[in-house]
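Below is a structure I'd like to ask you about.
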Amino acid sequence: MTDLTLAVALPLLAAFVRPLFNAGALRWLGQLIGPVVLALVTVILFAHWSTFSEPFAIALGGFAPPLGIAFYVDRMALLFALAVPLVTLLLWPGDDGADGARRQSLTLLLAASLTGLALSGDLFNLYVFYELAAVASYGLVAGNGSSAGYVAAFRYLMISALGSVVGLLGIGLVYFKTGTLNLAELATLGNELADPQGLAAFAMLAIGFGVKAEMFPVNGWVPEVYGAASRRVAALLAGLASKLAVLVIVRILLLMFPSDEARQLLLVLGILGVVSGELAAYQARDMARMLGWSSIGQLGIVFIAFSLPGEAGLVAGVAAALHHLVVKSALFVLAGPWGGAIDRLRGAATVSALGAGLFVLFALSLLGLPPLPGFWSKFLVIGGLADAGTALHYLGMAAVLTGTVIEGAYLLRVITTLYAPPAGSPAPPRQRGSDLLTAGLFGIALLAAAVMIDPLWQTLDALAVSGVDTAAYQQTVLAAQEAHP
Amino acid sequence: MRNIATLLFLGGLAFLLIVITGSLDFGAPPMRIGTQIQAATAGDVGTANIVTAVVLGYRGLDTLGELSILFAAATAGGLVLGSAAARARPDGGFILRAGADLMFPLLLIAGLYIVIHGHLTPGGGFQGGVILAAAFFLPLLARPGTTPGHRWLMWIEGLSGATFIVIGLLALYRGDAFLTPLFDHGTLGELVSGGSLPLLYLAVGLKVGAELAGLLMRLAQDDEVTS
Amino acid sequence: MTTQIGLVFFIAAIGLCVIGIGGIVLSRNLFRMVLALAIAEAGANLLLVLAGYRWDAVAPILSAGQMPAPMVDPVPQAMVLTAIVIGVGVQALALTLVVRVKQRYGTLDMQLARERMNAEIDATADVTPPRSQERPRGERPLPAPAGGAHD
Amino acid sequence: MIWLALVVVALTLGAAVAVLLLDNLLAATAAASAVSLGVAVIFVLLHAPDVAMTEAVVGAGLSGLILALALRRLGLARLDVGPGGGRNDA
Amino acid sequence: MTGSLDFLLLLSVVGVPLAALLAPSVVGRWLLVLLYVVQLVELALLGSGDGARSAVSFSLLGHSVGWQLDALGWFFAMITVAAAGFSAAYAAGEWGTLNARAGLSLRWLYVGLQVNVFAMLVLLAAGDMVALFIGWELTSWAGLLLMLLAGGEAIAAARRYIVYAIAGGMMVLGGLLMTLAAAGSLQFDAVAAAIPTVGTSALWAITLLFVLGFSVKMATMPFHLWQAPAYAFSPAPASAFLGAISARMGLFAIALVAIKLIGIVQLDRLYLYFDALNLRNLLAWVAVFTAILPTFVAMKQNDARLLLGWHGVGQGGYMLLGLVMADSLGSAGGLLHVFNHATYQAILLMAVFAVIHRTGTADLNRLGGLVARMPLSFLAMLIGIIGLAGLPPMNGFVSKWMIYRALILEGQPLLFVATVISTLGTVLSVYKLLHNTFLGQLRLEHETVKEAPWSMTIPMLVLCVVVFVTGVAPGLVLEYVAAAQQALGLAPVAFILGGIDSPAGTLDMIWVTAILLAGFGIGAVLFYLMGGRSRRVHQLDNYAGGHFLTADVRYQYSDNFYAGLMHRIRPWYRGSFAWAEEALVSTFGAIATAARGFFEQANPAHWVLVGTTLITTWVMWHALV
């Protein structure tokens, strides 16, 4: 009963039944459903991660892959799939009442869809899970009841729905040319997708999946949504959901469009993302939107990293994505009470020293202070760029380096305000215990990663080797045909 | 000025799409998996309507995803509109009330028919479910006062969603993959054929019906003060 | 003659998509944007179904157990079925948001709604918007306009 | 066959353009339903009965109903189009 | 008993929590000073030349990261630990208790000092380029820790510093990874072997990135605006320590990378169009301008700490000039100047902070006449400014002489003239410092001022002895400078106890000092023994212009000291660099607001449409072409 599809099915089941547990005696049971299911899914995934030997495929519904939908489970998919329930558990919205139940079931739906995004090996199935994640996040963004939340959610819905229309056009194009949806079979038809129409399909798919991945042209929604939504929802979206969307784009890049033009497109969009994100974050004056723009900049770096050819790109990309996942989620959690104007936080370190200390730790890791993992991820990204060696890659290197300097400017502005003597008039807001606990757990994860950086790097290297190897992907998925006739 | 720029880009996009689709050979699709599915449906799934076989059998997870998207939309709608106290609206006119009473049973039967015959004739859980939603909603339109409680709608919704997944899990319990069709296929074309697919479509139909009815009711309510 | 009809359908699909996208980007009224979104999605769905069409083929329904004639590709139809219902789900959610925006901000104009949203976000974060026209913060009042207050 | 297709496509595109140009939102909603009906007919021409039925029921039927209910809730469901009324009110 | 590098690193790591525990109590602080002494002894035991290798080494991301202390690193490490020890001693006594009461957190101060020492040891003992970069980043951030303590305008100066430091760090990281791409490995020998095979354009990029990145901390010309305020406004021991040695980490790194790894032969491959304009000449001219401009800016300062801060920047130019000569005499002069500057800069800063400790102000326009009240501080500052100005008996003269000699030998007359101008600036501003603080008329409010407490004067006086002794017998230090030169692969300087004895020129400071003292001796004899009776008059008993002047009458004005000179050269002070920095920051703000404009779209989906069209066209055009 520890089949991997439970990781998608159980949260969906929990989400469906969660609103039923709202009456009277069942209320406290309702509160427990979410965390218990997520914990169970984490255990299943961790069991698979620890006993992982070589990638395998699961044919959904017992139908052999090219016909039915296949889940492809390799180290990269498992790593991201494991991160989903874990981080959702950490960022669990614990509130009660009818609306609380709805928010919790939406969070469960988001978790199920993200796990699905990580594991699925079918193009339209990825689209459906992406759409489920999108609708769940509209609900969560609009869920905190503020009028700004409604307008932000509507604008986000419009951008994402339009992106999905473009994505659907892309899928239509792919189906027109190849007649199949399974990523493995599409990988075998590489040459049919290499012509201009194929690349146009890639551009459309990239934009379709890019909205949630905060890709350059389609991330207009980020400052409004993270400014208006509640911070834990923002942490979930910025930290977790964006990474999974990036993973989907990378899977499509690796399997269907391994050409240089596609990589170059991601590199250019990444550079533009870094520049626009970091510049806009520099002039932000409230913490929530600053973190929003900063996440655009960081995801620009993730895109640049994944656009690098070969294993180096995958290792750098996964390292940058994981590091940003931990740091940005924690910063958004800290931005809960501190989300307002930055100069209102004057002297906040005296009020909650641990919160300020954690903020400094995450800021230093973002800026790449050596022992912290942020430095090693930046080391890998820029190392890959230097190895690639074309003019565009040097431009990317310059963008990432100046991006870090800009980041240093505005993060230090916040840190010095935190530690400045309190202004006295409105007392700076205090951190809540639950937020500190969550941010503290993320901090411990960061420090643990800093200590055992080398074993972590070896696992990422192994992950990259099997990730880049598309021949093995095709072989394992299409071989499943013989296994289940 | 901005509109002109947008119109230019729209023209560009249209031209682009035409160029892209121009060279696609319409009418002769490669159908790499289409032909295999058409050939294998009778044996693997045993339903007359191949589209249903694809929707519930070959790509069953898509439909589960689709179901949860609809559930997410309804829940988010509930979250946004909340359970505002509905202001009593005057009853619909006599014609509306009479028509509603007459149409309600007919709609119910039509909806159920389409749901149950999903695996034989075109139609199925989604289409039938929508008709059921209209059927549940009609009396409320006629007599706004009598608000059938959201409660049992919510229970139908939750339970039918749960049955869909439980049927999937049963297959898992038996050792097959998730969402493998259960029971034997029976003779093709008969009402009782296609194994567990009709049950799945029934669950889909009920869930879609209850969900959309709830959504319609919430939309139909007026806020305390109409701004 | 046969490829003629293909062109017609392609024109329909692309036309619907472009009109839908144009509608979303050009219209200022929130409600009209939702309508335009529905049209765009219809266009995309149409393109998907076109991907499965085969000349002189029949609907993919088995009669009496075997294929009466060459059948159209069923897979895109399954996909479109899901896409249509997704479309209506998203549309329903969008409409609930539009109702709430109208109730809270009293307007359906995207321009005004955005300004009031940004004002509210700035207010909750208690940040003065970048190019604010409000009174400068200093104590000394602005000098009275020259020539007495005649405006 | 081709003439039928041409007529239906022309009608659908006309209705789609009408959705954007009509002042009265209720009329625009009706146009939107007309569009999805047109698309449903095109699906029938393409031998996709399942999809045609879904499009008709869900597109024309349900979405039209939801849009009308929303208009009623927004207080814009007025058939008479005053001068500039309903165009895009403040 | 040879010491071990691991024990030294372990000692400095353990020092950090120890500092946190012991800092608040006076006894604890003296124990910390003892800890520095122990570290110094451990370092001395390690010995300069034998390149002690640390057993601790990690394999990180495929690169093996280890630590090894060669002669160059040992030389800098000795200065660092000694400077830290003196600064800690300076703050251990009354200064600590008084300032703790005034709100300064001594715990953070001593932890910061120890963290700085550890970071610098990690940098100086780097066994490969990854360890070098880790040490570099740790040093930049550790410097920030000390600067943030004082609060007030120190925070703004610290923020400006850290943005420069991160920019420098990122340039170095860029250079590091381009070397990795070129050389395939980051071990010193592998890089040194691979550099000749690198193309000139790649070599240009690598060298420029490294040199510019390291010179941010050295505060050479384009990056010199941050250092004076940042070092001046931090608390006394931090300012003394940072002023003395922290900026020289940049010189160490430039020496290690530019001279040892890339090497002079490869550096000379880099020239613009014709041979004269090669990189080393450009660096020499940058170094010379870095020496000239700050000294004249220092002349304008009214705050003693800022004046000394600007001098720190100027002296950095000297060291870089010496190093860039890359011959035996010039580079020895540069490296020796690091030691000399560390000593007299520490003395001067300590003296100024002693004056602040007693009078509460460092404003040169509101001080004067303290020579009678604080004689020992006066003596220390006198010796310090003699060293800073580079006058014979003190060690400053030796290293400046060697640099001048090297300039003449290398045939660079223009550079020689420019360096003399900067020395002129130094002498003028240094005299202003001494006169306005100690000479002239004593202020009423300073009448009751006593000499600085012993805990502050003893470190100053010990340093004065060091300055004098190494002035008289520079050979003591030149021995280790020669070893450092060998570690760099340069020809070691031929030194004797008194100075230099080489065919290129001899300098014997023992004779020079003997002649000087003989001159003073004759003067003293004439004055004391054979002269008429001189009557000691109380400082405030003054008679001028026909009537007695009571203390409250201001008859000696020291503010706006160089009025005449300033009047003539005022037009030159256009502050163009400060204006350039300001312009850069404001244009940056404008671009940032423009970037925000991108996100301020009225209708949300505009960019989706534009993005789709542009990206699809670009990709398709790209695939077609």
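A, B, C, D and E label the chains in the order they appear, each numbered from 1.
We adopt the following convention: a residue touches a chain if its C-beta (ideal position, glycine included) is under 8 Å from a C-beta of that chain, and two chains touch if they have at least 3 such contacts.
The structure displayed is predicted, hence computed values, not measured ones.
Under the touch definition stated at the top, chain C and chain E share these contacting partners: A, B.
The chain pair with the larger count of C-beta pairs in contact, out of A-B and B-D, is A-B. Chain centres here are means of the Cα atoms, and by that rule the chain farthest away from chain B is E.
With centres taken as mean CA coordinates, the chain nearest to the overall protein centre is A.
Among the remaining chains, E is positioned farthest from chain D, on the basis of C-alpha centroids. Our note on geometry: chain A versus chain E, Cα centroid distance of 45 Å, whole angstroms. Chain centres here are Cα averages; for chain C and chain D they lie 15 Å apart.
Annotation: 38 Å between the Cα-based centres of chain A and chain D. Chain B and chain C, compared by their mean Cα positions, are separated by 22 Å. In chain D, 49-51, 54, 58, 62, 66, 70, 73 are the positions where the chain touches two or more neighbouring chains simultaneously.
Annotation for chain E: residues 593, 596, 602, 604-606, 609-610, 612, 616, 620 touch two or more other chains.
The residues of chain A that reach two or more other chains are 124, 128, 131, 135, 138-139, 142, 150, 153, 155, 158, 162, 169, 176, 179, 181, 196-197, 200, 283, listed in rising order.
Chain pairs that touch, as defined above: A-B, A-C, A-E, B-C, B-D, B-E, C-D, C-E. Within the complex, the chain C residues that touch chain D are 1, 4-5, 8-9, 11-12, 15-16, 19-20, 22-23, 26-29, 31-32, 34-36, 38-39, 42, 45-46, 49-50, 52-53, 57-59, 61, 72, 77, 80-81, 84-85, 88, 91-92, 95-96, 98-99, 102, 107-109, 112.
Remark: chain D residues 49-54, 57-58, 61-62, 65-66, 69-70, 72-73, 75 touch chain B in the complex. Chain B makes touch with chain C in their complex at residues 3, 6-7, 10, 13-14, 17-18, 21-22, 24, 26-29, 31, 33-34, 37-38, 41-42, 47-51, 53-55, 58-59, 62-63, 65-66, 69-70, 72-74, 76-77, 80-81, 121-122, 126, 188-189, 208, 212, 215, 218-219, 223, 227. Contact residues on chain B toward chain A in their complex (touch as defined above): 16-17, 20-21, 23-24, 29-34, 36-37, 40, 44, 57-62, 64-66, 68-69, 71-73, 75-76, 78-80, 82-83, 154-155, 157-158, 161-162, 165-166, 168-169, 171-173, 176-181. The touching residues of chain A, counted against chain E in their complex, run 155-156, 158-159, 162-163, 166, 194-197, 199-200, 202-204, 206-207, 211, 216-218, 220-223, 259, 261-262, 264-265, 269, 275-276, 279-280, 282-284, 293, 364, 367-371, 375-376, 378-380, 382-383, 385-387, 389, 397-398, 401-402, 404-405, 408-409, 412-413, 416, 419-421, 453-454, 457.
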